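Next up is a structure, given as structure tokens.
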Amino acid sequence: MTGALNLLVALAMGLNLLALGSSRLPSLIRAAAVQGMVLGVLPLLLEHEFHGLVWVVAAATIAIKGFVIPGLLRRALRTAHIDREVEPLLGFIPSLLLGAMAAIGAVAFAGALPLRPEHAGTLLVPGAFATLVGGLLLLMGRSKAIAQVCGYLILENGIYLFGLLLIHATPLIVEAGILLDLTVGVFVIGIIVDRIQREFDTLDTRKLTSLRE
Amino acid sequence: MIPGRLLLLAFLSLIVGLVTARRAPRLWLAATLTGAGAALAAATGVLAGGEVWEWRPTLAVGGEAVHLRLDAVSAFFLALLAVLGGAGGAYSRAYWTDAAHPRSAPSGRAWWNALLAFMGLVLLSANGLHFLIAWELFAVSGYFLITRERHRREVRQAGWLYLAASHAGTLCLFAFFALLAARTGSWELGPMRGRAELAPLFWLALAGFGLKAGLFPLHIWLPSAHANAPSHVSAILSGVAIKMGIYGLVRFSGWLPVPEAAAWTIAALGVVSAVLGVAFALGQHDLKRLLAYHSVENIGIILIGLGFALVAAAHGNPVWAQLAFAGGLLHVWNHGLFKALLFLGAGSVLHATGTREMSKLGGLWRAMPWTAGCFTLGAAAISGLPPLNGFVSEWLVYLGLFDAVGSRSSAAWVAVPAVVLLAMTGALALACFVKVVGVVFLGLPRTETAKHAHESGWFMRVPMLVLASACVAIGLFPMFFWPAVARAAAAWQPAWADAPVPEPLYALSACNITFALLGLLAAALLWRRVRRNGLSRAVTWDCGYAAPSARMQYTAGSFAGIITGWFAWILRPERHAKLPEGNFPAHAHFAEHTPETVLEKIVEPTGRLVMAVSTAVRRLQHGRLQSYILYLLLGLIALALLAFAGGGR
Amino acid sequence: MKELALIAVPFVAAIAALLWPKDETRPWLLPATGVVHVALTMWLLIAPPPVEPMAWVAFDPLARAVLPAVSVLFLACAAYAVSYLRLRSERPNRVFVACLLAVLGLLSAGHQARHLGLLWIATEAVTLAAVPLLHFNNTGRAFEATWKYLLVGGTGIALSLLGSFCLGYASLHGGGGGDLTFVALTAQGAGLSRPWVLTAWVLLLVGYGTKMGLAPMHTWKPDAYGEAPGIVGALLAGAVTTVAFTAVLRVRAVVDAAGAGVVAGRTLIVIGLFSMLVAALFLLGTRDFKRMLAYSSVEHMGILSLGAGLGGAGVWAALFHVWTNALTKGAVFLSAGNIRRAGGGRTQDEVAGMAILTPVSARIFVVCMLAITACPPFGPFFSELRILRAAFADGQGAVAAVFLAALLFAFLGLSRLVFAIVDGRPRAAAKKTDRRFRETAGVIVPPLVLLGLSLWLGVATPSVLQEAWTAAVQALFPLP
Amino acid sequence: MTTVLDILLRLAVWLLLAPLLPGVINKVKAWIAGRRGPPVLQLYYDLAKLWRKGVVLSTAVSPGHVAGPAVAWVAVLSAALLLPLGPAGTALSFRGDALLFVYLLAVARFCTSCAALDTASAFEGMGVAREVSYAVLAEAAVITALLTLALQSNSVSLGTMLVPSAGAGAGLLAAGLFLVLLAENCRVPFDDPNTHLELTMIHEVMVLDHSGPPLAAILHGASVKLLLFAVLLAETVLPIGKLSPLMATAALAGSVLVVAVGVGLVESLFARLAFRRVPMLLTTAFLLSLFALLAAWKGAGA
């Protein structure tokens, strides 16, 4: 059980690095989507008794994080007739190195934090932190709006990972509400991205600096 | 409770005036004068030996029970407020007419009443919270009175400077009262000299009230505000508003323990303000700016009195403290009277000629004899000349200082320089006002406007005459005013209860009266003699120069040149000169003006520094989202460090 | 039941607004709902219902101490919105009105939420519901502002979610059930695992601090307030921020119970003063009077967090300040909106001499400026003075000094800009603007009413409110 | 009644004796220059003549031009009445009359200055500017001198201040007051009473446009002022109180004469100072009084 779990989490962490390293938007979106799907599976591994809601949540997660949002982003990408270069503000190599360092640091930090025995063995906490930092790195280091949305997605994935620690504690209704919120949030972001693309005819946020002191 | 009724009447009539100010100027004037009269009556009642009036209705403002209190100290200032409020109000009827200022005159009348009411409340409120409220409201209404001509840039700048300075002072008072409330557990004010742990608070009071009083390094707002305000406003600002700062210092030095260092500081600042105030005044060409600097000087004289009284209190109340304090207190009245008189006179000049620039005036005594007479009298009074009121108060301060020297205590070490510098201040003031009177009213008109000046109407003349006669009255009959001063002093320092009129005061009054009479008599006789001998007119002796012109008269600048030269180290006068050269010099010019040194050399550079920091910080808001998220992350890290610092203890 | 009605009524109204056919009449839904909401909150304020401890949603003392202010502010803005939307008839208002109502409902939910997860959901939902309000003007600048609002705010809110999880895990690790209701967390108290509590505190403070707009997480604020209509600004500054603030207060109660109150106080004071200073420095230089309002809001959030950090009397004063700030800020934003409409610009280079163009609004604007900079006798003066006194009583002289310095700078900046806009000669830009703007009662009365309320609140603070604040402080930080 | 008589007598003394002093000074100067010089009573003749002369007033002047000299004259006389006349003491003496004394002289300055500025003449303006400016420093010296006397007699009324001698610092004080006397009465080296180059004058240029009775008042006032300072100087030095009345009177008269001769000598032996050097000399006067003050402090303090 834990083995499978750790495998998946490790996969998710790997996908972080992939996302940080990918130089083209489609592959970045793909990485985020796959990561979302991987996370969607995790509740099934953690829950002991399988009542319906778990399946629903898992299915919803996979569907939304894996297909809907990426689809939205791809559409925006298609409508915006722009080259698909990521155009990083923070180079790929540094991003990768930072991401890797984040992963290592996350493992160390998680070791420092007091954990319950059943979590001590899992990669959940380190994975969560690593993914979090990866997302932030994308948010800060990429200039294309879509890349930043992907960063935001990955950030949320990290938090979702951490949330799994509490999956027994927090009632699923709360989980569901949170999930819904995040989804709508990303939807709205997607819409705004779309509007910006129409308004400015670009998705390069370096052009979005008319509001300043 | 007679004072209570009178104060109520005063308050109500001020409200009536406030309501009728826009529509019915006559009614407004009537109401305002009634209010002033009632307030004056109430104050006189308390000063003439009536007991302290207190009022604690079951009414709370801001969660604090209202507590009004009119003791001798408050009454002393209230009387001044009433007199000047009435005089200035009447003056403004003719000076700031609806015809000339359709947009600003009506609201100006309303603000006038507001100012009077709030200053009255400052004097009456015995609760820290209400004191603050009244204080800030009075400051704000002062701002709206100063900026009557808001369409002029320099007026806006002056007003803003005033507002900024006064707000800084108010914040000091925030700290003062909040700390007091935190230490004592309530906003109630009252005598608490016994509590030595409150002593350090006085420094905050000194900063806050000092800013309002305009003592030397904190006077930066004063000149421009007084110069750019309408003259009746300048009169009340300089006559009463800055005295509110003095009131605060007197009030709280009486109620709270004062650290001895603070007492010395006040005395020293007083001396500095006196000398430098008049020095700056000598450098001015703008009539009203000059008068404003003289306010700094006189505040200094008042503070010398107060400061030495405090030093004395630190040395166990020797008798000389009482004289110094009484002198300082009486000078509050005197300065209020003659400075208001001078500002009203300056206002008449401004009204008649449209300029405050002294080098454009001259020979006004022909066109406006009343104004010239009143102004000259005020000038003599502010120069501290007998037989006028300025001399009486300075005389009392001198007596205190001489005794302090005689005491040979440590106070003497400050008293000696104080005496010398006070004497020099007097001589400097005399020089300055000889210059003003000579350049503005005597000699020949320097410009056409000055030539075609006109005497001001009765509405403007009567207030000036009233103030002038008040100056004369205090000068000739000081003993009648002494009881008021003595009661105020007793309210400040209970140990001095009912001090009798000092004997010398009678002698002085006798001398003043005889001197005044003899002076008038001699003048009359001499004039008769001249008439008898027959007099003929001729041009002034021009040393044989062919074409003398009015513009050849000695100017204010060159008149003060010698003295401003002595003070150049602080005045930093700016000279723009093109001296004549060659055998046949073409045109040459010479201009000199004295900047507000403290403002331009200290405050403004500091302000520029702050603005530089602000600009640097504002650059961080450059619109790049990525960095914004970085800031967020940095904030997170910083807070984490702060939280886990010392193991999160 | 009424407490649920507070949430339900606005949502029903929102749905009604979506279905409503005519743009002209739709805005009337806003004041109608507002009146009902105010009536309900006042009723609950005066007759507080018994709070059954484990309830997730309840009109508990804290909600009672704050929610009515939000409700009153909303009513004023709603009244203003009617004439405002008539003025902006060129824009469809279906979504706008619906979202405004939804925001009200979510605010009520957030204020009453007694479950960390629920609170988070409500806050995030408010954030999202505000998006259509922000880009109502439909300009490029508006979209840019919205984009930044979403990403910065989203990141912050995500961190606060992480913080909530951490707090839950602190309970788990402490041997608790990981129940995220505040009651349970407080009950577990010292049982919570300290490192996790501190981590959670930092994350939650940053997260909700981002929504409050504490520096350095305030970066979205000037853009959003600058581009949104005046009403939206008023609601964001006066109402949405208060949800985040109450969240911080509730969390702080838990942290106190866990025995880390000192740390919490320290962090709150530091970030509060930092926000005030940063805001003051921005205020000194900015030339855009709508962004100025944003920075002023940052400053007041700093004051709130300072008060919360001082504990006891400070929290009381902070709750007081929530009210005064909400009402006064509302007035400022609304009058600023008038000037923005009539002046046809947003910087002092484009707008001047408004005292001549719109005398009434200009006067209100000046008075509001004085009120918001703690000039008596308006509310902020009293609340800020209480905070100062609390600081002194706490022996924090240095804190008080910085506080006063920041107040001074803020005053200098604000007064400079406001007088530059009000005085002087009208600019050419004003001539070109749509002459449709008239100072009708619809746009004058609401700010006046808010100002009057702020005055009343300061001069004669109703005893029921004082009692409510005391009760809230008692409930949050029961004296041992 | 007796007091009125007393005052009238003193008045007579001052009025009649004052014009003698300039005559003495001029005689001394004449002797040193080896001339016969004008008679000692010259000023009396001049005054009498002026009093009967008609008046030419500048077209520019206000009535103050005539009133000024009158008031100034009264002020100087009142100040004189406050001084104790040797053994006779003072007519009326009260605490603080010393200050009244100083400020009455200031009144005189104010009046003459205004009267001078009244004529709209640049020369007179120049003179007034110098007069009032230098007075600032002179005032400091005088007040310090009074402070010294007050310190060593523990009183602030001339009647008692001047009875004992100035004690330790008498010499210093005398020197200081002598300089002040020269400055206040516009004698060499501060000013030259009988120069006729307007640009270099102080007092003389201020009275350029006065004539007839007003000029008489000014001249007589000036002589009273001179005498007044001479008496003040003499009484600070002389221990009047310790001498028998006769001796005291003689000593007083003698020393006033000495002062007059001294002035005459200075006028003949020194040249007028450049104006920019004047402040330095007055500061010296001030410092002398200050040292006298310190001496008095130590002397009586010990």
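Order of writing sets the chain letters: A, B, C and D. Residues in each chain are counted from 1.
By our rule, contacts are C-beta pairs under 8 Å (C-beta built on N, C-alpha and C of every residue); 3 or more make two chains touch, one makes a residue touch a chain.
None of these values were measured; they are calculated from a predicted model.
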More C-beta pairs touching across which pair, B-C or B-D? B-D
I'd like the most central chain, judged by C-alpha centroids against the all-protein C-alpha centroid. B
Tell me which chain's centre, taken as the mean of its C-alpha atoms, is farthest from chain C. D
Report the inter-chain centroid distance for chain B and chain C in whole angstrom, where each centroid is the mean of the CA atoms. 44
Between chain A and chain D, what is the separation of their C-alpha centroids in Å? 100
How many Å are there between the centre of chain B and the centre of chain D, using C-alpha atoms for each centre? 36
Chain C and chain D: spacing of chain centres that average the CA atoms, whole Å: 78
By the touch rule stated above, which residues of chain B touch at least two different other chains? 618, 621, 623, 625, 629
Shared interface positions of chain A, touching two or more other chains: 136, 139, 148, 205, 208, 210-211, 213
Given the complex with chain C, which residues does chain B contribute to the contact? 60-63, 129, 132-133, 136-137, 140, 147, 150-151, 156, 160, 163-164, 167-168, 171-172, 174-175, 178-179, 181-183, 610-611, 613-615, 617-618, 621, 623, 625, 628-629, 631-632, 634-636, 639-640, 642-644, 648-649
How about chain B: which of its residues touch chain D in the complex? 362-363, 365-366, 372, 376, 380, 383-386, 391, 395, 398-399, 402-403, 405-406, 408, 416, 419-420, 423-424, 426-428, 430-431, 434-435, 437-439, 442-444, 502-504, 507-508, 510-511, 514-515, 518-519, 522-523, 525-527, 529-530, 533-543, 550, 552-554, 558-563, 566
Chain C residues within the chain A interface of the complex: 115, 117-118, 120-121, 124-125, 127-128, 131, 135, 140-141, 143-148, 150-151, 154-155, 158, 161-162, 165-166, 168-169, 171-173, 177-180, 193, 195-196, 199, 222-223, 226-227, 282, 285-286, 291
Chain C partner, complex, touching residues on chain A are 113-116, 132, 136, 139, 145, 148, 152, 155-156, 158-159, 162-163, 165-166, 168-170, 174, 177-178, 181-182, 184-185, 188-189, 192-193, 195-196, 199-200, 205, 208, 210-211, 213
Name, in rising order, each residue of chain D that touches chain B in their complex. 51-60, 62-64, 66-67, 69-71, 73-75, 78, 92, 94-97, 99-100, 102-104, 106-107, 109-110, 113-114, 117-126, 128-130, 132-133, 135-140, 142-144, 147, 150-151, 154, 156, 198, 208-209, 212-214, 217, 279, 286, 293, 297, 301
